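Presented sequentially are two complexes of chain A, the first with chain B as partner and the second with chain C.
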Partner chain A sequence: MSTTEAGGRIAIEVTVNGTRHRREVEPRLLLVQLLREDLRLTGTHIGCDTTYCGACTVIVDGEPVKSCTMLAVQADGAEILTVEGLARDGELHPLQRAFSENHGLQCGYCTPGMLMSAHALLARNPDPDRKQIRKGIQGNLCRCTGYHNIIAAIDAAAAAMREGK
Partner chain B sequence: MYPAPFRYHRAATVEEAIARLVEIGEGARALAGGQTLLVWLKMRFDEPTDLVDIGRLPGLRDIEQEAGRVRIGALATHARIARAPLARQIPIVGDCASGIADNQVRSRGTIGGSLAAGDPSCDWPVLLTTLDAEVHCRGPSGTRTLPADGFVQDLYATRLEHGELVTGVSFALPGKGSAGAYVGFKRCAPAFPTSSVGVQLTLNGDDCTEARIALGSAGLTTIRAKAAEAELRGRTLGAGVIAKAAAAAAAAAEPVADQRGSPAFKRSLIDALVKRGVEVARRRARGETVEVSHEYY
Partner chain C sequence: MSWTGTSVRRKEDDRLVRGRGLFTDDELEPGMLHLHILRSPYAHARIVRIDTSAAEALPGVACVLTGREVAAQCDPVMQLGPPPCDKIRDLPMAVDKVIFQGEPVAAVAADSVALAEDAAALIDVEYEMLDAVVDAEDALSDRSILHEAAGTNRTWQGVYEYGDVEGAFRDAAFVVRIPRMQFHRFASTPLENNACIAEWKRQGGVDFLCNNSFPGFAQQLLAPGLRLKADQVHIRTYDVGGSFGNQIWNYVYMAVAALVSKKTGGRRVKWAETRSEHLLASGHGNERTYLDTEVALDREGVITAVRSRHIDDCGAYTRYEPLGCVIWSQVLAATYKVRNLRIDFTQTVTNKCPVVPNRGYSRMQQLWFMERIVDICAHELGLPADEMRLKNYITQFPYETPNGCVYDSGDYPAMLTRAKELIGWDRWQKECAAGRKAGRLIGIGIGTTLDSGTNNFGQARIMNPYLPFSGNSEVCTMRLDLEGAVIVCLGTTPSGQGHETAASQVAADVLGIDPSMVHVRPGFDTAWNTFVGHSGTYASQFAVTGLSAVHGAAQKLKAEMRRLAAYMLEAAEEDLEFGTGAQGPEVRVKGTDKAINYWYMANLVNNNNALLDASLADVTLNVRHVYRPPFKVPDTERKFGNLTLTYAAQLHIAVVEVSRETCRPQILAYAAVDDCGTLINPQIAHGQVHGATSHGIGAAIMESLDYDESGNLLTGTFSDYCPITALNLPDIAWGNIETPSPFTYSGAKGMGEGGGAPLHTMSAALQDALHGAGVIVTGSHHPAPRLFEILQKPNRAEAVSVERRGGKQARR
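Right after this comes the complex of A and B.
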């Protein structure tokens, strides 16, 4: 049993986008706060207080989660992928390129979460049909695009990734 | 949006978790996936002094079959169940698991937490009541098994005692001629259902020998629609019989007015969902593959 005293901190270790971090955190610290405020990875957004919007979506041990509804202490030992981890050596990830080319964003607020949900979808299903794409982003709200171009972008990215581009 | 401070304990064993919950008393809560509890803490609906994290307890996430029974560990997530072979083998289980919330919530939320939350809008208590399942519990005074039917007693109240944990659920594999469907309606994936209905029928052709129907988001607890079951049991399914059962289910519901709709709207929804559930169960009993789940726009 590991335990904290009142107001005390607990040591955790997380690997974010391949880099290992050790921190002493307050138990009430949300994963999204750890990412944004402590690790300064502000690509992960906060769009609501109610676990609805999905702007905070990151991938924890291969599963998409809403990082506003997970404690940092629950992520102890986990491998986390955030939107900052998508691009490699200055090259955009195929999903990012497809969102750009297909106008899959307007204000961009929902985009990091959309990208991470799409990433989780394509990891399990590299060739989704349009209905499966819609289901893949069912937990992400967009107030600008009407979703149409987001779906087109994910479809295009899936095709590009299947061709190894 | 931030929870008030609390102490955090990470239990290594079920015994340790129970002992700590009992030792701390009133202010302690178990934390599983956090998809209900953390939402409450962020909104400050609840301000526990201590959280006992049971999320990493070993041996509680397995999905097994033995001697004609299915057993699911309390920490099995909605996503894990939705992806398990069980979800295709017993389609009503897949309907329920894959219809809960959205991908992200399903990654974390657990079947045990869904029961223990005592939330009439949670789907697992409804599905498990439909399947006449048992809930396996372990607490300070040992282990016991409770029926899923009646497990949720009132709004946010279950039969669990303080310090008692759900360790798993089990139910009999549906027998020959037995098929079901779990259908619901909600406004969008991350919303709780406006109404949901579980239907399990045993059919011989169109003759219904056994029926179980349970309703979710239809009152302050899970509601078993016994009068609706009686309309089907021993009858030959036809439009008239099904309509009577649907009307009986709508009458058994005790919906409250909220932002999801008026009681009258919810009753008409339940009427329609029972008809759809019976129709899908009937087609599945004939061997058809039918995909259903929560509908939303």
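Right after this comes the complex of A and C.
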């Protein structure tokens, strides 16, 4: 439970990529700021200020969330997965591998958010068609790739994951 | 095997997919100050008074900086243009008046971004409103002048005239007149906003980590502005989240951050722009108005002359401008062989965000203009759009244009054939014809375009003969490190173009090794890395300038290694070969097992050099190569000369239907054919084509930076600007042809900007769809509301006229 501390700070507890963190935060602190500035997980990026671009997408209790639109205090008690938590024992997640193999990234700025949205999509639907993939990433902007290779990458990752690779 | 032409998986990807990139805002440090900029809410106003006392009193605020202090600490940035541009006083913060909405008026540094914003809200600024001019023609009336010392809003004017324009009009069978066309304002908006971290050094000078994409140029502008020597402006970049040219001029904000750091006694200050700030006050693409256009054609439909007046709107300051007043002439007549042209070109400032180079900078505006001319003439003369183009395409290469540019190679008819195959031209032609008969607003359109790459900076002298710029260059250093690793450093500032990968492919080919054995170190650094004045990533040139530098450096290194190996192996140099042996990369005597590996060579030079003969005293295994393309200074009087080295080409075809109910334009099919000469890494090139296509489609149907008449930006957030998403894009059929450039070592041409092909293509497809409804497409932006308006009030009667001079009708 959140408790207000002196100075208007609120104590919260979040589990990020399997590690539990306790912090006392300003009520106005955004989840993305907590992740980037307090927990130093700078893989989650900020690309806009109107919840449009999706660069800050993370998974909160299984759901994709634009972390610029959630207060850190709202995430109290939550399990959060960020891009840094995708690889296991240094081995790339199939989505990460597929993005690289299919040239699904250029500058790489949208990539963490794209990966997290794709991760959520495939958790819901392990075998999406291309239209469903487009829909799954409609909340994520990419200004470099024209999306074509991102869609191909998610398609390839879905196939690999279905085959257990 | 050759690594050139192979889709090697990118070296950059591993850190980026793991979220381990280092973008500027990722650099965190306890005690770092955060900068927030207070911006003008008005487009044109005098600053009567600024009271910063309440902001300064807020706990956690380190300092507040105003324009007056900036003016005292800093000199105006050098202006590139001829008079009256020399009278424009461009400081990084407004002093006495603001001239565009979003112009900085004060800056606050505080312990956190939130605190800095809180403090900025306490700054009290009193403004006295002035008349804003947001329309280029209105601005040229000088009824309200932005830069009073200049005495006019006009920043440049010049006439580009070639051939016998009068004679061609006298002899024309048809004259087509188009009184007005308009290219709209948009920007490619990289996903990473501008950002920098500045630290004023006690020993003098300033350190920057930033995402500027042309730091060689930024250093030359920042140093005199900050009253420093160039070497005291230390600029570093690392991962950059897109640029598309937009990030070239963020040195303005770097200057603000530097002065704030100076005022705090040298604390590190981070500035991370918000998206709303980026859209409001970062940099927009050039708007252009085309007036009184006249096209002369012979009786076959071959264009014989074009004359027109163009007005370019560069926003409030001439930062990179008026260079755009010349850059367009790299593609004067686009892909067409017309030799008689007269373009009267004027540029003006307006009370809007300053423009910056934007993917396809200044050329796409000219290419769109030429494509509209060709397309409107085809429709008005009843000629099929494909035949019209085939009649007019340049077909012989190398081709010298009327203004002295040399198109290196190309095959536009072959690209048209390929694009037609990809889209199914005949089938769609039938479907469009049948659809229109049935009342559907459906059409098919062609867009042919050029991506001119590797600028001759001498073209700047056509704009201002006194500018000390010409040619171009890029640099690479390469060494065998202590343990024999091949280490490569570049002067470029990639933002997604895969330079680490492509450079390793080129070096690997020269040395006969695997790209995984070549280590390209990312990051630009004026203090510790190599660079030249042209260094950066812009203007479609890496494949030529950057990779030629890598190629040259690899050959120099190879020559040193060959001498060293010949001595140690007691063999003639011509008997040696480079390759990979059991112990990794090596040099060996052909046909023997006598070899020397890279570690041994590096060790000889660095740790074990008593073994070396005095004749090898100059061998360091650490070489630097600067590539300089073969340019001459253009003839500024005639506005004549070779302005770019290579001409990549794009040919797109779109099928578009406008809904009768919603007026929404829907893309039913899309094909894109590219020719950038020899491909270095096909997958990367393909990715660039897709990206440029997405930008162009977004700009054609969604994205626009619109202002009201008072100079308020109406599309100032992503939610209003509506950048294109995965749902708005069709699947794109991609094709490629290769016409190798005779002017580059590899045959590759610069590419990536894409020439705005979808803008031309979408306009042409809509022209085809709407011509029957009495619509002439004279604008570049086609969102549903605009299509609704034009369908309510078809414009053909006033938008175009055709004078037929008694010759017979152009043949179908």
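Throughout what follows, the second predicted complex is superposed on the first by the 158 of 165 C-alpha atoms of A that agree within 3 Å, B and C clash if a C-alpha of one lies under 4 Å from a C-alpha of the other, contacts with A are read in each partner's own complex, and residues count from 1 in each chain.
Simple rule for what comes next: a residue touches a chain if its C-beta (ideal position, glycine included) is under 8 Å from a C-beta of that chain, and two chains touch if they have at least 3 such contacts.
All values derive from a computational prediction rather than experimental measurement.
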Chain B versus chain C as contact partner of A:Gln138, first or second or both or neither: both
If touched residues of chain A are counted for chain B and for chain C, the larger one: C
First, second, both or neither for A:Pro27, with chain B first and chain C second: first
Contacts of A:Thr82 with chain B and chain C, given as first, second, both or neither: second
Which superposed partner A:Gly47 touches (first chain B, second chain C, both, neither): second
Chain B and chain C contact sites that coincide on chain A, given as residue numbers: 26, 28, 46, 49-50, 52-53, 135, 138-141
Of chain A, residues touching chain C in the complex: 26, 28, 36-37, 40-50, 52-53, 55, 82-84, 86-87, 92, 96-97, 99-101, 103, 105-112, 115, 130, 133-135, 137-151
Complex interface listing, chain C residues touching chain A: 7, 9-10, 12-14, 16-21, 23, 25-26, 28, 114, 188-193, 239-242, 244, 272, 274-276, 495-498, 683-684, 686-688, 690-695, 717-719, 723, 725-727, 729, 731-732
Complex interface listing, chain A residues touching chain B: 1-8, 10, 26-28, 30, 33, 46, 49-54, 57, 60, 63-66, 68-71, 73-74, 117, 120-121, 135-136, 138-141
Chain B residues within the chain A interface of the complex: 1-12, 16, 20, 31, 34-35, 38-39, 41-43, 51, 53, 55, 79, 101-105, 107-108, 188-191
